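Written out below as structure tokens is the structure these notes cover.
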Amino acid sequence: MILPIVFIFSLLYSSHALVQDFCVADYTAPVGPAGYSCKKPAKVTADDFAFSGLGIPGNTSNIIKAAVTPAFDAQFPGLNGLGISAARLDLAVGGVIPLHTHPAASELLIVVQGSICAGFIASDNSVYLKTLKRGDIMVFPQGLLHFQINAAPVPALAVVTFSSPNPGLQILDFALFKSSFPTELIVKTTFLDEAQVKKLKGVLGGSG
Amino acid sequence: MILPIVFIFSLLYSSHALVQDFCVADYTAPVGPAGYSCKKPAKVTADDFAFSGLGIPGNTSNIIKAAVTPAFDAQFPGLNGLGISAARLDLAVGGVIPLHTHPAASELLIVVQGSICAGFIASDNSVYLKTLKRGDIMVFPQGLLHFQINAAPVPALAVVTFSSPNPGLQILDFALFKSSFPTELIVKTTFLDEAQVKKLKGVLGGSG
Amino acid sequence: MILPIVFIFSLLYSSHALVQDFCVADYTAPVGPAGYSCKKPAKVTADDFAFSGLGIPGNTSNIIKAAVTPAFDAQFPGLNGLGISAARLDLAVGGVIPLHTHPAASELLIVVQGSICAGFIASDNSVYLKTLKRGDIMVFPQGLLHFQINAAPVPALAVVTFSSPNPGLQILDFALFKSSFPTELIVKTTFLDEAQVKKLKGVLGGSG
Amino acid sequence: MILPIVFIFSLLYSSHALVQDFCVADYTAPVGPAGYSCKKPAKVTADDFAFSGLGIPGNTSNIIKAAVTPAFDAQFPGLNGLGISAARLDLAVGGVIPLHTHPAASELLIVVQGSICAGFIASDNSVYLKTLKRGDIMVFPQGLLHFQINAAPVPALAVVTFSSPNPGLQILDFALFKSSFPTELIVKTTFLDEAQVKKLKGVLGGSG
Amino acid sequence: MILPIVFIFSLLYSSHALVQDFCVADYTAPVGPAGYSCKKPAKVTADDFAFSGLGIPGNTSNIIKAAVTPAFDAQFPGLNGLGISAARLDLAVGGVIPLHTHPAASELLIVVQGSICAGFIASDNSVYLKTLKRGDIMVFPQGLLHFQINAAPVPALAVVTFSSPNPGLQILDFALFKSSFPTELIVKTTFLDEAQVKKLKGVLGGSG
Amino acid sequence: MILPIVFIFSLLYSSHALVQDFCVADYTAPVGPAGYSCKKPAKVTADDFAFSGLGIPGNTSNIIKAAVTPAFDAQFPGLNGLGISAARLDLAVGGVIPLHTHPAASELLIVVQGSICAGFIASDNSVYLKTLKRGDIMVFPQGLLHFQINAAPVPALAVVTFSSPNPGLQILDFALFKSSFPTELIVKTTFLDEAQVKKLKGVLGGSG
């Protein structure tokens, strides 16, 4: 006959056992270099580990005919501290995700619908370009400039995932032309013509 | 007038500059704790960063009515050292990905088609269960037992990504019943009945 | 003659110098992905770096004839953030530490008394078994299923240490049969017979 | 009387003790994700840990009136695996280090001579600008676009150090205009005018 | 005609988006193993990323004729979490930075003025010595005993940087002779003569 | 009836699947910053994960009446890459492990027999001392000077474990007096009397 196993490992869950297998973000507590503070385990539910936002198509009625919907640790608390996150890319016909970097993560792109032309540029100025179809995946190493373009006359859908819960996103055009980066400094540090800079600042709303 | 910028950063790419922005796997050279050796940059092409295998439906004509197609660093050389990888899950009607762990990575599941019931169990024996529909995502913290089941009367398709290029995969039933783990030790360390162990070893082909 | 060195490095210990060589856990402050908040240095004492709990034999009067006494960061504040922790294993005659994993750490077992049969199973379903005697050590790579059994007719004592201050501990039987994991889902995801599942839930107190 | 301590720790340096306190790069052996293979300890000399190249002024007779001299692990073998590296910046009057990123490292700038205007742009398009004088330091967080400009009518000299032995360097203008990035794709992914792209490709020698 | 791009990535900066590209230290909030809590992004300014303290010569009117001025995360909030820090070394004629270690970082020394003799000792008791002149750099692997001495009859100036924002600094003489380390224990654990220990405690102010 | 599960996950173990759950050291292949190259999985056996050397008492017939027997990755191939290692300390009556550091790891001491007085010194020169009895444990944070002394009139036995497979070991007396560190430099960088230095060099065999 088998008797009940009672309390044998009870010490393992002492009153201080706040640090567990995960650290669901508590958005009301301090943030540190490794991420958000952890919600108390007793308050964690299955909903903290799931996120529905990527099921909703992004609005592509804009100049780039594209939309990015993030599921980073700031939106999806269960990711906090776990080294992974995701985003949804919607690209209408002619849609483009402009040249950008993720300062703190590598990216893995998964084409779910349609066809996407993607590429990145390495430190030695080599350019790596691929046209991807449904089911294809492509990796963009950490911190390098890359882009995605709809490569077909139908809408494209992709999911991208990142090697960090907080990958960051620096869109080149926004950094230059939607910011307060002074025109004079942009011209000096990029060799772009002043007229070009002013034109794009006009479009994107940059100041300076 | 603007003159050519010649050689200004030429020192940056000396003859020893083998370590770059990425480390595409060279499967013929030694492997270390951090991954495969790097292919020489001159031999790297865009194809190293893309992978088509996940576009092909897995064969679900098996007992679990499911298939897993990996894109880990062993299959996809461009992932090496980059902290991310992926796999495709095909679940026919009634399909199940049995209880398993990834010893070295957290997992992010993205439902592409159909509906999936997924869950994991934490160290304190809490169970976190969710039924996910197309577009929903769920995260499974590193090293914890989890599973996926097709939750609808139509086939389901999901992509999972991992916080490591080499996440590992330990399927509980295979570890116990498709291995050489001696029946006597299984009984002692799991409290399963010997008859149960022998029955599943018979099905899965375990020895011992 | 040698004169006093006064204040030469005084700037090094400014009023903000709260982050030091260590980060003793303050259990009353927020917890983050990297561990507990740090106690203020002025309140740290030598006692924070020592722990006596492993000197006390665990109570092995239970069904597994074994006991685990942890010294993780939740019990031993000086370990916080330092990448190491420990536990004491007492195994009476016939004692067993059932199949389990540590989701976030590798384990090193040191046999202090008696003899222990230990083993782990790898992702490829290889089984690695060893019978260890006093003074022998064995390593269990991160996240893999493993177990320990008293291999002699005398009590055994071991110390295990981990490559994390918070290794986690997922005991297979508890995850399945001492939790609220629904019987139907267990059967589907493990291929165990329903009767087997219900029997062990009865013993261990699982619900669902 | 004190007797010689002989061989007490002799086991510590067994025949396999190749991994030591450091891993000086062996440029003739395989490279992995964590860096170069290690030179055998017996062949390591003090010279491996020192580097004289930064003592030599860079040639600023070029369009940007500036020069970068790197001391990364590819040039300085003792840095391999140690998490740090350096470079020398020479900025003649009017000199500019154009907008660039380091994909895998944060940068710390130390002004040694003259005055430098430096800045970076964050993911939220905030611009952080400072004019630095001799002795001032500034940090540029990992992966973000940044630049340095000589801010005075005399030459400037700076040393920059990085949080990686292999920080990488992606110069925006080179990535766009000195590469084979097709003009059509540049226009689509940056909104720059085609004429602007062609003009800069002409200057910098880009193809496509 | 080009229309404004409005709100396309607006989701990226949700109300919870506190974790960004950097984590400027908030000295008033809890500290954790990974560093200080982050200042709210809205309160961060360019001044947080620059530090002027290293422009000020240290006071070398002391027994070692040398001074160390740190720019660690405790002094320079922008470094928090970024894996790098710095310090200024002033060495008057005859100046010495006594034997010391940084428990948590490798060090890179850059000679800015004069000449410095520097060295470190490895675990196998090998000694690596170099005399460095202006512009030379030298690396000291993590945790090893090292020193710097002015090697010329003129003042020397160096900047050192570290592979951690909080490298720590353990000066051997201070640890032994400026602490409360009991003389009896020092004698037992160093084999120094008691008279020698008492003499240096007298000079440096140690107790015990 | 249950049918065999055949090949369902067969893709997971492709011909390139050399990187697995562990990386047992291959001492004949290159070493990198992350450790030794991995032995091919087919050649790995259970013996690679166990080590018997710590069961053998060290020889304490020496001046310090103590012995250290290491089980680092250089001696115990299964530890390679796993973030943990161990050593055995034998302390005869009056035995001492002299002041030392581990440059790359925190240490956890477990007293197995007898009583040990242990201590460490922090960067701020605080001294943390404890007298430990059988079963007590103590942690020594990374890179800090520490020691162990037999605190009772009977032999003591301890096991120490480390947060790295290759913690390093720098014994202060050996670094100073058993090396080729020139006497003149030792005197300058430690303030020890020349006579003291020469005396200890005589005992320990140092040159210079």
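A, B, C, D, E and F label the chains in the order they appear, each numbered from 1.
Note that in this section contacts are C-beta pairs under 8 Å (C-beta built on N, C-alpha and C of every residue); 3 or more make two chains touch, one makes a residue touch a chain.
As the structure is a computational prediction, the values presented were derived from the model and not from experiment.
Counting steps between touching chains, the shortest path from subunit C to subunit D takes 2.
Overlaying subunit C on subunit E by C-alpha atoms takes a rotation of 120 degrees, rounded in steps of 5.
If each chain is reduced to the centroid of its CA atoms, subunit A and subunit B end up 21 Å from each other.
A separation of 34 Å divides the Cα centre of subunit D from that of subunit F. Annotation: 41 Å between the Cα-based centres of subunit A and subunit F. The set of subunit E residues that touch two or more partner chains comprises 2, 20-21, 30, 32-36, 103-104, 119, 122-123, 126, 129, 141-144, 168-170, 174, 191, 203.
Taken pairwise by the contact criterion, the protein chains fit none of the simple patterns, being neither a path, a ring, a star nor fully connected. Applying the touch definition to all chain combinations yields A-B, A-C, A-D, A-E, B-C, B-D, B-F, C-E, C-F, D-E, D-F, E-F.
Per the touch definition, subunit E reaches subunit C in the complex via residues 25, 27, 30-36, 62-64, 66-70, 72-75, 103-104, 166, 168-171, 174, 203-205. Remark: subunit D residues 96-99, 101-104, 117, 119, 121-123, 125-127, 129, 141-145, 147, 149, 168-170, 172-176, 178-181, 185, 188-193, 196, 199-200, 203, 208 touch subunit A in the complex. The residues of subunit E lying in touch with subunit A in their complex are 2-9, 11-12, 14, 16-21, 23, 26, 29-30, 32-38, 80-81.
Residues of subunit F touching subunit C in their complex: 2, 13, 17, 20-22, 41, 44-47, 49-52, 54-56, 71, 76, 78-79, 82-86, 88, 105-108, 110, 112, 119-120, 122-124, 126, 128-130, 132-144, 159, 161-164, 191.
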